[in-house]
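Across the two complexes that follow, subunit A remains constant while its partner is subunit B and subsequently subunit C.
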Partner chain A sequence: MDFLKRFSRDKVGLFFGIVLVLIYLIALTAHWITPYDPLQTDLRKVFQPPSWEHWLGTDQFGRDMLSRVILATQITARVTGLAILFAVITGVPIGMFVGFVGGWLDGLVMRITDMLLIFPIIMLAIVLVVIIGPTENGVIFALGISQMPQFIRVARGVTLSVKEELYIEAAVAVGASREYILRRHVWPNISAPIIVQASLTLPVFVLNASALSYLGLGVQPPTPEWGQMLNESVAFIFNAPYLMIGPTIALFLFTLAANLVGDALQETINPKLKKRK
Partner chain B sequence: MQAEEVLLDVADLRKLFPIRKGLLQRVVAEVKAVDGIDLRIHTGETLGLVGESGCGKTTTGRTILRLLTPTEGKVTLRLPSEDGTTAAHEIDLAQAGPRELKTLRQKMQIIFQDPYSSLDPRMTVSQIVGEPLKVQGIAHGQERADRVADLLQSVGLEPTSMTRYPHEFSGGQRQRIGIARALALNPKLIVADEPVSALDVSVQAQVLNLLQDLQARLGLTYLFISHDMAVIRHICDRVAVMYLGKIVELAETDELFGNPRHPYTEALMSAVPVADPGHVSRRILLEGDVPSPVSPPSGCHFHPRCRFATDICKSEVPTLRTLNGNHAVRCHHAEKLTLQGVESE
Partner chain C sequence: MLRMIIYRLLLIIPVGLVLVSFLFALFHLIPGDPAQLMAGDNAPEELVQAIRQAYGFDQPVHIQYWNYLIRVLQGDLGVSTYSREPVIDVVWPRVINTAQLAGLAMLFAIVISLILGCISAMFWNHPVDKSVTVFSLVGICTPVFVSGLIAIYFFSVYLGWLPIGGKATWKHYILPVVTLGAYQAAMFTRMVRSCMVDALGRDFIVTARAKGVAERLVVFKHALRNALLPIITLFGLGLGHTLGGSVVTETIFNWPGLGRLMVDSILTRDLPVTQGAIQIFAAIFIAVNLIVDVLYAWVDPRIRYD
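For the complex of A and B:
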């Protein structure tokens, strides 16, 4: 509760926190709040400019853009959320373990993560999607793997400092096993930085998921995705420029809100960062 | 307290920390933190281990408890059989395997110096105190909760504090929580590693008295590590003085304080302030710093700082000799020196 109080003192963070909550509400309720069926084509209604009937207009197949943007919100939220979950579930235990055990295993894993970190996320993700195939699961896996090294590093770093704490030695002194110590002492004490890292990863994933689908490597049509919608709208940029408005604003808002909430979270957990700005 | 039964027998315990350098991490030198310690702790007594910082007293305590693996030596824990009919059970702690060690941890516990970082900030008091019972699989559910409440009561804390977190308590209260945790498994031996050094003087006395009460009530044996001569004198039956990883003197408390036989002990004692304005202090100032335990001086480790040092001290390592009765000292000239003790209280 103390945490929420401190977080809400940051007005920017609070505002975009609410925006982010709204975005997720839209994502959750997408199937009920879309005004039209986002997949229903209607060739009598192609390229309609924004109107009261179709707020964001209709595309080349006569599909309602607003409905498509709303459904795409759900897909983006799901893909990025699962990708973060994947990166956390795979990266954090590895980082905790090698940080706690140390030795040659630690050195080996760190060198491998260093190698993975050399590649820009998008490049790694493209290679992985090409290997796995451009499906929703492929994108989740590719994004997750590409950011897993970050989670390994963060988890290892905080584990290194937590393992020097006296309460770890106290647990050893009563006969606790390594597995028990990692689960009951290390994990609760490193969870805050992990949550911050996850929130900072969210905007990166939102952008990269869209970038992949812009390149045709993401979710396949007819399922709507912001990047893929933007890609399609480029062809009609002169006769139907309004097609870009919806996906652009949605992408912009989601990324901005996720970024600022991530920063605010980090400052709440580590207030020293704030003064430096 | 003159129980003659030996609970813990430490023989030639050594703990070296290698210093590694370079790409291949070659061992270039070793820190001799504990350099051949022999100790016997009797059931029910409090043995003090005193020395200045860096002399290896904490490492000794941790190595005995196998929180650190000894480089060499034997640590024998002698556990009397439950019904008293069969012979005592002896276990070498230094050799115990993981499973055996886990069971043995029920018999020996540690109280840490720092009551702030020794309690997990994410756990409630009942989780902290109940953890030993949980890890060892001794008590569950309501039984565990009852035991935790009992333990808290026995260290003078309200059972209502069970649901609170460590940061809600003062240093003295936190140390009580640490003590309750150490008692949870009904240990025989408790290594108290500077248990009061981090506390206010007024709180120190309370915690020391609590430790003495608990000892009388539960028949505990303490290895009491401290740098504070006044505290040591107050609580210990026998005292071992450590210098640079070795014990230089070991005697009963009154004997050691009244009649020190090692120049280092004398210097340590002259540093204890006396609460008497008319007292003319005759402080013996030691020159120089504690030598590095990486390359200790030749012969007697203390000779560069000793005002009685002669040629033999530079060349020959003195052994720990027993003088009259139970007074052991590691000095070539112990018989010839007249050293200043402290008047009895």
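For the complex of A and C:
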């Protein structure tokens, strides 16, 4: 509760936290709140500019853009959420383990993460999508694996410092198993920095998931995705520029809210950072 | 210094080897028969067989791996299945175009972010600082393909001042460079600002001010010089991001660079070109990383003998 109290003191963070919750509400209820069927084509209604019936207009197949933006919210929320989950589930145990064990294994894993961190996430994601295939699962794995090194590093770093604590020595002395110590003593200390890392990863994933779709390497049509919708709108930039409005605003809002909530979370957990602001 | 450079150069060998092996393994994991892919779906069996033999796909994996290593070392990246040209000839002109785009965008980003970051730190907590912070936040949250499309709509479609895409005259450079550069500038400005705020809060700044050093000198000579260390690492990391961002930027503005080549080759399933482009990209990233590390050691002598 103390945490929530401290978080809510940051007005900007609180406001965008609410925005983020609203975005996830839209994502969860997407199937019920879309005014039209997002996949239903209607050739009598192509390229209608924004109006009372179609707030964001209709696209080249007569599909309602607002409905498509709403459904795309769900796709993005699911893809990025699962990708983060994947990165945490794979990265954190590895990081905790090598941090705790140390030795050559630690050195090896660190060298590999060092190497992977040289490459920007979009490059890694592209390479991985080529291997796995441009599907929703492909994007989830590609993004997840590309940020796994970050989670390994964070988990390892905290484990290294926790390892020196007296209570770990005590646990070792009474004969606790390695798994028990990691689960019972290391994990509670790690969860806060992992949550911060996850929240900082969210906007990165949102941007990169749509960048992949923009390139045609992400979620495939007819499933709507913001990046892919923007890519399709390029062809009609002269006669139907309003097609860009919906995906642009949605993408911007989601990234902005995720960024600010991530910053606020980081400051709540680590108040020292606040002084810099 | 020399010892460190040599050590870092030697380190490239294992890194490169791991990388090339990784790529080899990855492209062996791609489902489908590579020979069938190169020949096309309706190709006669004899042609597929001939290609399989010519490229050595029928040999055991370890021999294929060895041959692949030797060929990569010789700079032979194979032949494009799409244009039938050697991959290296297809890739090379693209590398130069990408280097131009990324280089100019970096220059733009560095200049803008140093100016904005310093101003912001000097006016700490003042409305000027606040507006710079908001501005850079908006920049970070606007992906290149969004700002690029908005820029195209405004400057090319609505005003008709600048070309939509391609790379012919100097006018073609403006939108891609500024779009890619602005995104990086937004990232950098935040960091430069926080480094400068940090530096300006140190004791030696108080001393400098107390002995009557002009404010201009305090900021640019005392603070900036000390803030430069983290800033240089930041720019080095940023160069990698700029290259990553160039993939999307090139696609938006139809820029004939390496990134677009890579994406196009993936979409046309031109595997040798994809592989070649990724290898060149990887080599560039490793080189950039090396240069940044050396530069870092040059700026900060304390880390030379680590």
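Following the convention adopted for this analysis, the second predicted complex is superposed on the first by the 277 of 277 C-alpha atoms of A that agree within 3 Å, B and C clash if a C-alpha of one lies under 4 Å from a C-alpha of the other, contacts with A are read in each partner's own complex, and residues count from 1 in each chain.
As a working rule, a contact is a pair of C-beta atoms (placed from the backbone, for glycine too) under 8 Å apart; a residue touches a chain by one contact, two chains touch by 3 or more.
As the structure is a computational prediction, the values presented were derived from the model and not from experiment.
Overlaying the two complexes via subunit A leaves subunit B and subunit C side by side, clear of any clash.
By the touch criterion defined above, A:265 reaches neither subunit B nor subunit C.
When the two complexes are overlaid on their common chain A, residue A:72 makes contact with neither subunit B nor subunit C. By the document's definition of touching, neither partner reaches A:198: not subunit B, not subunit C. After overlaying the two complexes on the shared chain, residue contacts for A:140 are found with neither subunit B nor subunit C. Of the two partner chains, subunit C is the only one that A:238 touches; subunit B does not reach it.
One geometric descriptor of the composite model is the angle centred on subunit A: between the Cα centres of subunit B and subunit C it reads 100 degrees, in steps of 10. Subunit A is touched at more residues by one of its partners, and among subunit B and subunit C that partner is C. Of the two partner chains placed around the shared chain by superposition, subunit B is the only one that A:166 touches, whereas subunit C remains out of contact.
Look at A:174: by the touch rule set out above, it reaches subunit B but stays clear of subunit C.
In the superposition on chain A, contact of A:189 is made with subunit B only, not with subunit C. This overlay, made by fitting chain A, leaves subunit B and subunit C with a least C-alpha separation of 10 Å.
Residues of subunit A that lie in the contact sets of both subunit B and subunit C are absent, per the superposition on chain A.
Chain contact summary for the complex, subunit C toward subunit A: residues 15, 18-19, 26-27, 29-31, 137-138, 140-146, 149-150, 152-153, 157, 194, 197-198, 240-241, 243-245, 247-248, 251-252, 262-263, 266-267, 274, 278, 281-282, 285-286, 289. For subunit A in complex with subunit C, the residues that touch the partner chain are 115, 118-123, 126-127, 130-131, 133, 203, 207, 210-211, 214-217, 227, 230-231, 233-234, 237-238, 241, 244, 248, 251-252, 255-256, 259-260, 276. Every residue of subunit B that touches subunit A in the complex is listed here, in rising order: 65, 67, 101-103, 105-106, 109-110, 112, 114, 117-123, 131-132, 135-136, 178, 181, 184-185.
Every residue of subunit A that touches subunit B in the complex is listed here, in rising order: 165-167, 169-177, 180, 185, 188-189.
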